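In the two complexes that follow, subunit A is the common piece, with subunit B as its partner first and subunit C second.
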Partner chain A sequence: MTTDAVLAPFIIGLPLAGAVILLLFGKRMGRVAGVIGSATVGVAFILGVISFFSLLSRPEEERAVSRHLFEWITAGSFQAGVDLLVDQLSIVMVLVVTGVGALIHVYSIGYMHGDERYPRFFAYLNLFVAFMLVLVLADNLLLLYVGWEGVGLCSYLLIGFWFERRAAANAAKKAFIVNRIGDFSFLLGILLLAFTVGSLTIGGVNSAAAGELTAGTATVAALLLFGGATGKSAQIPLYVWLPDAMEGPTPVSALIHAATMVTAGVYMVVRFSPVFEASGGTALAVVAWVGAITALWAALMACAEYDIKRVLAYSTISQLGYMFLAAGVGAYSAGMFHLVTHAFFKALMFLGAGAVMHALAGEVDMRKMGGLRKAMPVVGLTFLAGVLAISGVAPFAGFFSKDSILASAWFEDQYALWGIAVFTTLLTAFYMARLFFRVFEGDLKVPEGAHPHDAPRSMAAALVPLAVLAVIGGVINLPRLVTLEHFLEPVVGESHVPTGLTPWVLGGIALLVGIAGILIARAFYTTTAGATRRQRLQRLAPWFVTAVRNKFFVDRIYGRGIVLPGKALASFSSSVLDTKVIDGVVNGVAWLIGRGAEEGRHVQTGYVRNYAVITLLGVVVLVGILFLRIGVA
Partner chain B sequence: MTDVPPGYFLALAGLMFTIGVIGVLVRRNAIVLFMFIELMLNAVNLVFVTFARMKGNIDGQVLVFFVLVVAAAEVVVGLAIIMLIARRRASANVDDVRLLKW
Partner chain C sequence: MSEWPFLDIVVFLPLAGTLLIGLIPRARVGALRIGALAVTVVTFLLSLGILMNFDTGTADFQLGTSVEWIPEWGISYITGVDGVSLWMVMLTTFLMPLSVLASWSVERRAKPYFIFLLTLETGLLGVFVSLDLFLFYVFWEASLVPMYLLIGIWGYRNRVYAAMKFFLFTLVGSLLMLVAILFLYFSFPGSPTFNYQELLGTPLSLGTQRLLFLGFFASFAVKVPLVPLHTWLPDAHTEAPTAGSVMLAAVLLKLGAYGLIRFAIPLFPDAARELVPLVMTLAIIGIVYGAAVAIVQRDMKRLIAYSSIAHLGFIVLGVFVGSIQGMSGGILQMLNHGLSTGALFMLFGALYERRHTRRIADYGGVARSAPVLAGVFLFVALSSLGLPGLNGFVGEFLVLLGTFFRYRWWVVPAAFGIILAAIYLLWAYKRVFHGPITNDANLRIPDLRPREMVMLAPILVLIAFIGVYPKPFLDRIEPSAQKVVDQLRDSSALPEAAVGDADAP
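Here is the complex of A and B:
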């Protein structure tokens, strides 16, 4: 057996063991809990790196290895085992999950210091990493679904980690319920594939998609699977949970709601790309358009948000939209590339935002901050790296990944999608620069009673490596040199970005647009004239400003249109259906029998002859029936 | 002995049974009721014997013996009960003994 196949169960097992140990004995450990939690994920990362090199050492066609651990479900001809698949795609995800995960664990040692449920936090975080690894390493859809639901559970637990706060508890419930809606669609998709294909292994489903699956079935299956992805990866129409999820501790936002869990949908779409392609364009078009519109939609809302974590949340939704756009135009490796770089720079920015909150006693309103760069240089500088990366400024990581998505859209002749994406790039650069200028530039401004200080060592230990990755992360896919694209080719197929002048021009446009966004933000937010400029712009379309500030009223529409009727139905069920109808039937039967017995007992007169008459009548009836049946002889 | 047609026996048995039934329904004295019940049993016995003879099969006659034995046992128990009731109430009227009612 190859080294990576041997190591795969341990990569999952380590964080899982960490979670179990911390849940059972964490209370007595105190600060050691954080070290154990970080160590399990760190070692898992090392194992991941070893697996990666073991995989690289083999020739290209032998790189995918499946490891059968044990039989799980056998029902008739249907079989599902606990199988792990180590291939180019899953190893990339493993490295991102464990690598970024380990850094965020280290960061949490400092960030969660002093929290009364400190060990439990690491237990949940470890459990999350374990489930996420199950999700990416699963070799069949059913096991993938286990990981899928598992990360959803951990997300719920961690968003509601400070459940004493009503907003956190509500946000956790909202995230869980909205995700359940998507998961239901996902489950339907799995069942449909199980019925039509008969096997749920990745190889089985994908080869069936390339062969016997009809276009209609494939479309339905792909759209159902994508429905699950819209929930988990926060796309229209199910994105509403992600901004609220920011109620959780910041490392959670960084790990789960930026770097890993929310990318599960993208991973799933890429993993089952043959199913999406088998639908003959429909499913992929839906994926691409949902992605593009979500990217624009969320970017608009990010421009009007003052809560720094929520800006980052909307930005995450928007960037996930880019990834789906890439997958939708068939540029799977570009999507995966952006997934990786986004994990770097978005985790970085969340951790930076966390460091700011940490320094300012939990303040998240950017209007109350300013000039923090001098007070916290490490955070300011690393955050700047993140901003430049996401804005697509060369040579930072985000430039390469975003550019490859834009170029893919262009070369697939999807000019409308390209246009939306480019405009979104402008907005992205604008809102990120706005955040940066407001928080870190200008005169020092902090909420009362706060004493800004730079990130403690454990936090900086996570910020700096992530910042380095955000700066140089692009090298993993330098055009025609070291390429992730080429590495992923056996799994996702070749990408078709041609050579020539056009890619350079497109890259240049993306770069200029990004820089333009930053310059606009600079004109609006760093000078004294900026405020009047902003007002003048807002006066152009006040209704639009209102709409954006109110998040396009989506939460209110969902509240009125879905939650309220749901609540009405629930209270109708509990007050009318349950108490009147269900209880009514049960009580009614009891009443009927009681009443019948009350009346019927008067038959018992106590007179022997009455009984004799009844006996006689019974005999007469019986004999009569016998005569009728047999006939008089 | 000349053969009497079985129909006569059956008619007699029917008559006896009917008298028994009517008697049970209209009389109230427990002893009398008992006699009417015996009458019904004997009507049935007669039917058994008749058919046994008709078919040349001994089974019916055997059954009669069973009925007689059971009837004897029943009378013993029944009379004992009637005796006890009569001692308590100084009456053998079944309508007086209607405690097991609603």
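Here is the complex of A and C:
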């Protein structure tokens, strides 16, 4: 067996063992809990790196290794085992999950210091990493679904970590239920594939998709699976849980709601790309358009948000939209590339936001902040790296990955999608720069009683490496070096972006648009004249400003249009159908019988013993009837 | 070892145990408890002998006894287990000691209480192992009486109404079944017999089959319960003492599904086949309706009761779709529901003992005062809502898969039930355990005690084990499940799952 196949179960097992140990004995450990939690993920990362090099050492066609651990569900001809698949795609995800995961664990040692449920936090975080690794290493769709719902559970637990706060408890519940709606669709997709393909292994499904699966079936299956992705990866129409999920502790937002879990949908689409391809264009077009529209939609809302974490949340939704756009135009490696760089810079910015909140006693309103760069230079500088990366300024990581998405859209002749994506780039640069200028530039402004200080050592220990990755992360896909694109080719196929002058022009456009966004934000948010300029702009379309500030009323539409009528129907069923109609008939019959037996009324004394006697008599009578009938025969 | 008649000993040991309890003076409540616990634990340990001696590869009845009882009427004492009843027997013997532990706080009339509890165990076990229709009917009625008394005497405020309702519903159904049994008895061509295995081949016209099927179905549908015959259940559950709710949900409800699998389908396969659409419709209505009504309940025990209606809908659906996945999943789900709903009632019973209210609104923030209880409750709730990796998912997935293989569109409303399950459980969980503590009474709720941990731990282990490695369970279920599927599906039709496994190994 190859080294990576041997190590795969341990990569999952380590954080899982950590979670179990911390859940059972964490209370007595105190601060050690954080060290244990970080260590299990750190070692898993090291195993991941070893596996990666073991993979690289083999020729390209031998890099996918499947390992059967044990039988799981078997009934009739249906079979699903606990099988792991280590290949180019899963190892990239393993490295991101454990690498970024380990850094965020270390950060949490400082961030969660003093929390009364400190060990519990690391237990949940470890459990999350374990489930996420199950998701990316699973060799069949059903096991993937275990990880898929498992990370959802951890998301629920961690959003509701401070469950005493009503908002946190509500957000946790909302996240789980909205995801369940997506999973309903996902599960139907699994059933359809199990039915038509007969096997749920990744190889089985993908080769069937390339062969016997009809376009119609493939379309339905792909769209059902994608329905699940819109829940997990917060796309239209199921994105509404993610902004609320910011109620969770900030490291959770960084790890789960930015770097890893929310990208599971993108991973899934890339993993099952043959199914999406087999639909003959329809499914991929839906993926691309949902991605593009979500990217724009969420970027608009990010522009009007004052909560620092929610800006980042909308930004995440928007960036995930880019990844789906990439997958939808068949640029899977570009999507994965952006997934990786986004994990770096978005985790970095969330952790930076966490450091700001940590320094400002939990304040999240950007209007109460300003000029923090001088008070917290490490945070300010690393955050700036994140802003430049996401805005697509060369040579930061985000420039390369976003540029390859834009170029792919262009070369697939999807000019409308390209246009939306470019405009979204402008918005992205604008809202990120807006956040940075408001929080870190200008005169020092902090909420009353707060004493801003720079990030403590454990937090800085996570910020700095992530900042470095946000700056130079683009190298993993620089042409003629070790390229991610080339590495992933055996799994996702070749990229279609040609060489020549056009890609340079497209890159130049993307870069200029990004810089323009930053300059616009600068004009609006760094000078005193900016405020009047903002007002003048807002007066141009006040209805639009209202709509954006109210998040396009989506939550209210869902509430009044679905939740309320649903509840009313359930209440009607409970209090009218059940109690009045069905039970009414039952009690009516009982009453009629009671009237008929008016004479025997004194028997109904309500004294239970009498009923018991009647019961026993009843049994005796029944047996008597039985004997009588037999006698007659 | 295999010479031992484990099965018959296990069935009657609890009844014999009532004699032991009878010897203990009624004032010695502690001794009564220990006595009941000892009897049920020994019963469980002996039942492990059934499990160990069970032959996995066959659908035949095993480990039973056959002696003539009243030969002139064709009544015999015939017992035996197969893959369907094995897990029901194990579930009953497994949960009974835990139910005794859940009854630790019963002080009032403890002696008859434990006597009825033990009688109930023998009655339930008897139903699952009887292979003679007369014997079956005796046990069936016998299990009804102790349950009725447990609710009626040790229940809560509305117990008399609830007990009567429970009793009348079940009795009406039972009478129809009795008539059907007698009709079948007289229709048998050979010398009159109640022997189940001999009666299986009775030639009946379709019209007769239909009537007899409905006679059995009436009884079983009330027990399941299928909507609209379900309204006894919320009342019975709500008013029953904790152990009563546990046994009611975990085992008594399975009598209906068990009866359908054991009797209604094999005895009247043509009628069953014909009525599949009707039964499936009722099952799916149960899934959606039960779950929807559960959402808006204000009483926690009522909520769990309605969730049972939804879960049992899944089981009946699996049983009637006529595929091995559905049948195996349905049977496994009978066990799963027993574990998770049993545990939910135990947990809420523990909470009730601390706060003496069933109203969800009276709680809030309990996770702060009793974190372990809250954590365990969540774990069980996740099992109940079918989280993959825990037991409920395996059963539900197989049922859905089996349904999809045979009736593609029916799976959509059934799968919709999993969304509703998440809504009612997590919303209730939020209101009870999350949020700030607004009621001072919730400030100092003691966490789980060692006795309660001992009571819950075995269930939690099984919930996780079945979720991760259901193979030992499914292996024992499958041959018997396959037999019933064959009976339900026209023998002239294609062999098992002709659809959907084109290139399966």
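Rule of thumb we're sticking to: the second predicted complex is superposed on the first by the 578 of 633 C-alpha atoms of A that agree within 3 Å, B and C clash if a C-alpha of one lies under 4 Å from a C-alpha of the other, contacts with A are read in each partner's own complex, and residues count from 1 in each chain.
Note that in this section contacts are C-beta pairs under 8 Å (C-beta built on N, C-alpha and C of every residue); 3 or more make two chains touch, one makes a residue touch a chain.
These numbers come from a predicted model, not from an experiment.
When the shared chain is aligned, no partner comes close enough to touch A:Asp413: not subunit B, not subunit C. Ranked by how many residues of subunit A each touches, subunit B and subunit C are led by C. In the superposed model, A:Asp365 lies in contact with neither subunit B nor subunit C.
Of the two partner chains, subunit C is the only one that A:Leu188 touches; subunit B does not reach it. By the touch criterion defined above, A:Glu62 reaches neither subunit B nor subunit C. Residues 606, 608, 612, 616 of subunit A touch subunit B in one complex and subunit C in the other. By the touch criterion given at the top, residues 21, 24-26, 28, 33, 94-95, 97-102 of subunit B touch subunit A in their complex. Listing the residues of subunit C that touch subunit A in their complex gives 73, 134, 138, 141-142, 144-145, 148-149, 152-153, 159-160, 163-165, 167-169, 171, 175, 178, 182, 186, 192, 228, 230-231, 234, 289, 292-293, 295-297, 323-325, 328-329, 365, 367-368, 382, 387-389, 394, 397-398, 400-402, 404-405, 408, 411-412, 415-416, 418-419, 422-423, 426-427, 429-430, 433-437, 468-471, 474, 478, 482, 496-497, 499-505. Across the complex, subunit B is touched by residues 601-609, 612-613, 616 of subunit A. Within the complex formed with subunit C, the residues of subunit A that make contact are 70-79, 142, 145-146, 148-150, 153, 156, 160, 163-166, 168-170, 172-173, 176-177, 180-181, 183-184, 187-188, 191-192, 194-199, 566-567, 569-571, 573-575, 578, 582-583, 586, 590, 606, 608, 611-612, 615-616, 618-619, 622-623, 625-626, 629-630, 633.
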